[in-house]
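Next up: the structures, one after another.
Common to both upcoming complexes is chain A, partnered first by chain B, then by chain C.
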Partner chain A sequence: MGQLAEYFNAIGRTILTCSDGLAVTFSHLFRKPITIQYPDRTAKPLTEMLPERSRGILEMDQELCTGCSLCSKQCPINCITIDVQKNAETKERILNKFVIDIGKCMFCGLCVEACKFSAIRHSKEFEGTVSDVNRLKINFVEQPAPVAKPKKGEDPVLKPVGSIIRKYLADQWAPAANKSSDTNSGGKSE
Partner chain B sequence: MTTVIRELGDEQRELVLNMGPHHPSTHGVLRFVLHTDGEVMRKAVPEIGYLHRGLEKIAESTTYPGYVPYTDRVNYLEAMFANEAFSKAIESLSDIEVPERAQYLRAIAGELNRIASHNITIGCITMDLGAITPFVHLLRERETINDLIEALCGQRVTHHYVRIGGVAYDADDNWLKQVEKFLNHFEAIIEELDNLIVYNEILVKRMADVAVITADDAVGFGLVGPNLRASGVDWDLRRDMPYGIYPKLDFDVPIGAGEKGTVGDCFDRFVVRVRELKQSCRIIRQCINNIPDGDIIGNVSRKIKPPKGEVYSCVEGARGELGVYVVSDGTEKPYRVKWRSGSFSAMSIIEHISEGLMIADLVAVIATLDVIAPETDR
Partner chain C sequence: MNALADFIINSLGLSGLSAELVMLLLVVAVAAAVFGIGMTISGLLTLAERRVAGRIQSRIGPNRVGPFGLLQWLVDGLKLIMKEDVVPHDADPHMFRMAPYLVVVGVFAAFASLPFGQLLIASDLNVGILYLLAITSLVTVGVLMSGWASNNKWSMIGGIRAAAQIVSYEIPTALSVASIILISGTLSMQGIINEQGGWPWQWYIFYNPFTFAVFFLYFTAALAEGNRIPFDLPEAESELVSGYNTEYSGMRFAGFFLAEFANIYLMSAIATTLFFGGWQIPGVTPEQQAGSLVLQITGMVVFMSKSAVGCFVVIWIRWTLPRLRIDQLMSLCYKYLIPLSFVCLGGNAIYLLIFPKPSSANTLVHMITTLFGGVLIVIFVTRVMYHHRISGVSLDLNFLARGEKGKYNPETQVRAYGSFRKKYEKKQGAK
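Moving on, here comes the complex of A and B:
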């Protein structure tokens, strides 16, 4: 008899507790939804909705880089390759290549912290799908040029965050013939 | 799935079943070899190593600051604690003082991370037992925490926030207010959770008196954290081996009391985690109220070369004691790094407690022991 009572008690408790749970679920019908309809129904571009410190794909401004290699020395996985050569006649240091392998990068931010000249930084871009993984090796040097020589006490002129990398990422899906050869040359010669 | 029927004499026929490595109810890539007799298990033998990434060997070829982002990958749900454990080891090895504000920020970020991790665990336990709604609700809350942490340090999962000597970024008042706003919202959710699922009779019946781990077994197998506390052992590193700012904080340590069955059953392991959510909220509130101004990182040179020696440092992570043993030979790179994680010991006890369990209960055991595959394999 006791067992039978316990059996029906359990059924009673099940119905009661389940309706408790369903009441909570039901109350959610009247709450504001928080879902964001990614990617095409956001109020503004998604990169603008990300917080200030968001660490996206790295970008490098050639006009600010002094070729000091502090960033590539700090990188734990060596995803930054820098090639600086000295011009024998003018004794100027020429920045030939600055390749960041985004496919390898782990977005730790150690290189950004190491750079004293604000040349390398995180953009807020994160959508970097490409058809070939080698295209993720991005060479940020368009034309080999002398390295920057910042004067002391002068603030560097920063370009808008993401403006540099966006150009390269847009380029990734362009037809091969139109694609600027600089973008990929770094990757191929590796 | 391969099946083998072993003939061990007339009465001892057993079916050997593979569960995993890819199975919807194992968290990550885990494999169990089940020896079953009908629906009842003789034993379940865990096989590990599918997610081995050689994190300990990698340490020998990176610098000390360069290894900190790798610690994010020890356990993808509690990156803050792994960062903190490794940083704490190097700090005590080379006598680096951590500023007080940094310690408060570590506690706030750590407890937020603990809530996020427990949200996943509680959600997964209920989902593995058939209730999908709570998982979605808790994942929504975790998403808010991820947003908060992203605003603080720039990444949602691999934070790389706690550094050797302090923390990487300062938090402004606006961020602290946002955290407080989230806590006000989340504490109501914890209350709601009790009604939604915790005392649901179906869930209670599935977990009460299942896979009881006695206090002796728990200590013997080296269980840590919520798994150990659920067995009635009152041990929390934050209180019993205090570090950082925790001695100044006031919080309770929930332990298993056999609320619906025996002490140390699956339900206790589940409910201890639910109770810990509230204590974490309490800790964060105290930290926000008392946080002082000041530096966020101590006096650390760019090249860290700890003196020769060895150190073991541990923190109370979401899965219990997350410890790291570092041997330094006086150079820029560690000589040896060894991780000690809660999931590994939780994994080792499964073979012991699985005897006589039903196959469906094994899912509850794995879920409530909170085994995370990457933490087991490193």
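Moving on, here comes the complex of A and C:
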């Protein structure tokens, strides 16, 4: 008798639990979707909607970089290439090349932590699709120039987040006619 | 269809060979029409599934192609047609190529005896429901064949599971159908509908408490036969990659895919016919309906909306219940569904002995069962309202919402996509 009761109990439990589960999902039909359609239904530019410390594509400010190459030494996958040469006459160190390969970068942020002069940092940009993988190697040095010499106790003047990388990303993506004309674009470092 | 053929042949005054030719052309045309209807329905169901799934998961779902994403299914189909049709090196090429055809034929041939309306049926066979049960068994052969021919462990296990599952669940399905046949006294689909009426208490689901139980047995068994969640073991993604259709691509995969969705409509349409009075309009007798074109179209709409509700329930169940284990699946069938269907079949037989139709006592039983069903629905709705209330979210009935438009400014983004990209490029070019 006990087994028979268990049999019918199982049927009853199945019906009750299944129908209550169905009631839960049915009630979801009358809730507003919480997702926002990207990119054309966002209330403001997506980069402004991202969290404060989100790790986007790296950017480097040439006016702050001392060419110490601490960042490239910290990088676990060696995606930062820095070329600094000493001018024999003026004894000045010249920053020739500062290339970050975004295709390799894993956004760990170790380079940002290593930099003592706030020259390298994460932007909030993430839309980095290109037609050629080599165009992901971005050279942040437009014109070889002497490295920065920050004075002690003085705060560095930071540019707005994303203002540096945005130009390079837009360049990469620009129409073909424009591409050939501006050869100085950092996007084509190779 | 025979009536249509007779009408054309008589009005044109044809005889002999030309009459045969007209008949042949008509057969081909009707077959193509039925296939087209089946394809369209299953295509639309793929879209419905994705939209309902989105809504249940608090997402929006596909909404880009066409108005409200209504053309998404056409684009998906186009994509599948253009993809490469790969046959694995170690597969049995002939059986591998043949399997999807069997599945598609098995499902779409069943559409031939679906009563979409009083006169809208490709072929009203006198063994209609038996034909439906028999022809859908071709799917088992196709699925097992695809699983074997793929020469792949996942496909193999999936195919064997599908065969075991479909063969087992044929028994409760057939037993549930037998209960209805017992009451209606006919196997013809139109005959079964003619025996019912337009109002809910005239439907077979509310005929007596046994048929009420039989409906749920049939629905569960049909769900398992169609390889739908929670019984989708043959395709279990987490265990078998994609089951018997793992190795398929392109149009052959689309064959399996469309057959699966056509099967959802098929089971809903059969449930509509057997339990929900088919194309019967409340307050209109079949004789009245036969004479009027407007009532014919209304009847078709009634049938379609009833089966659409069935399809919705199938989709809704998919996004609610988790998948069963194989032993749970088999014990559900052999320990519960088969004994209960036998009990219901016997109960129906005894009921028919006590209350030979039609009598006032019989009507009372219909009314009480309908009332019981109504009470169950009311309880269910209160549960839904309860769950909505405790979620603390306000009611939102805008099912086609895509989010607020017009706030987006491509100039502020680094890049713009789609149509915005073209505008941006034009502007850049002008500068």
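The criterion applied here is as follows: the second predicted complex is superposed on the first by the 158 of 190 C-alpha atoms of A that agree within 3 Å, B and C clash if a C-alpha of one lies under 4 Å from a C-alpha of the other, contacts with A are read in each partner's own complex, and residues count from 1 in each chain.
We adopt the following convention: a residue touches a chain if its C-beta (ideal position, glycine included) is under 8 Å from a C-beta of that chain, and two chains touch if they have at least 3 such contacts.
Note that the coordinates shown come from a computational prediction; the quantities given were computed from them, not determined experimentally.
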Are chain B and chain C a fit on chain A, or do they clash, once the structures share the same frame?
clash
Between chain B (first) and chain C (second), which, if any, makes contact with A:L110: first, second, both or neither?
first
Chain B versus chain C as contact partner of A:P76, first or second or both or neither
first
May I ask you to decide whether A:C18 touches chain B, chain C, both, or neither, giving the answer as first, second, both or neither?
both
Let me test your reading of the model: by the given contact rule, A:K152 touches which partner, first (chain B), second (chain C), both or neither?
neither
Is it chain B or chain C that touches the larger share of residues in chain A?
C
Touched partner set for A:K91, first chain B, second chain C, both or neither:
neither
Based on the superposed arrangement, let me know which partner A:Q37 touches: chain B (first), chain C (second), both, or neither?
second
Common interface residues of chain A - those touching chain B in one complex and chain C in the other:
10, 18, 20-21, 23-25, 34
Give every residue of chain A touching chain C within the complex, in rising order.
10-11, 18-37, 39-47, 125, 127, 166, 169-170, 173-175, 177-178
The answer for chain A against chain B in the complex is residues 10, 13-14, 16-18, 20-21, 23-25, 34, 50-55, 74-76, 106-110, 113-114, 122
Note: in the complex, chain C contacts chain A through residues 52, 54-60, 63, 316-317, 319-321, 336, 380, 383-388, 391, 393-399, 401-405, 407-409, 412-418, 420, 425, 428-429
In their shared complex, at which residues does chain B touch chain A?
62-63, 65-70, 133, 140, 143, 147, 150-155, 158, 160, 168-169, 192, 195-197, 199-202, 205, 302
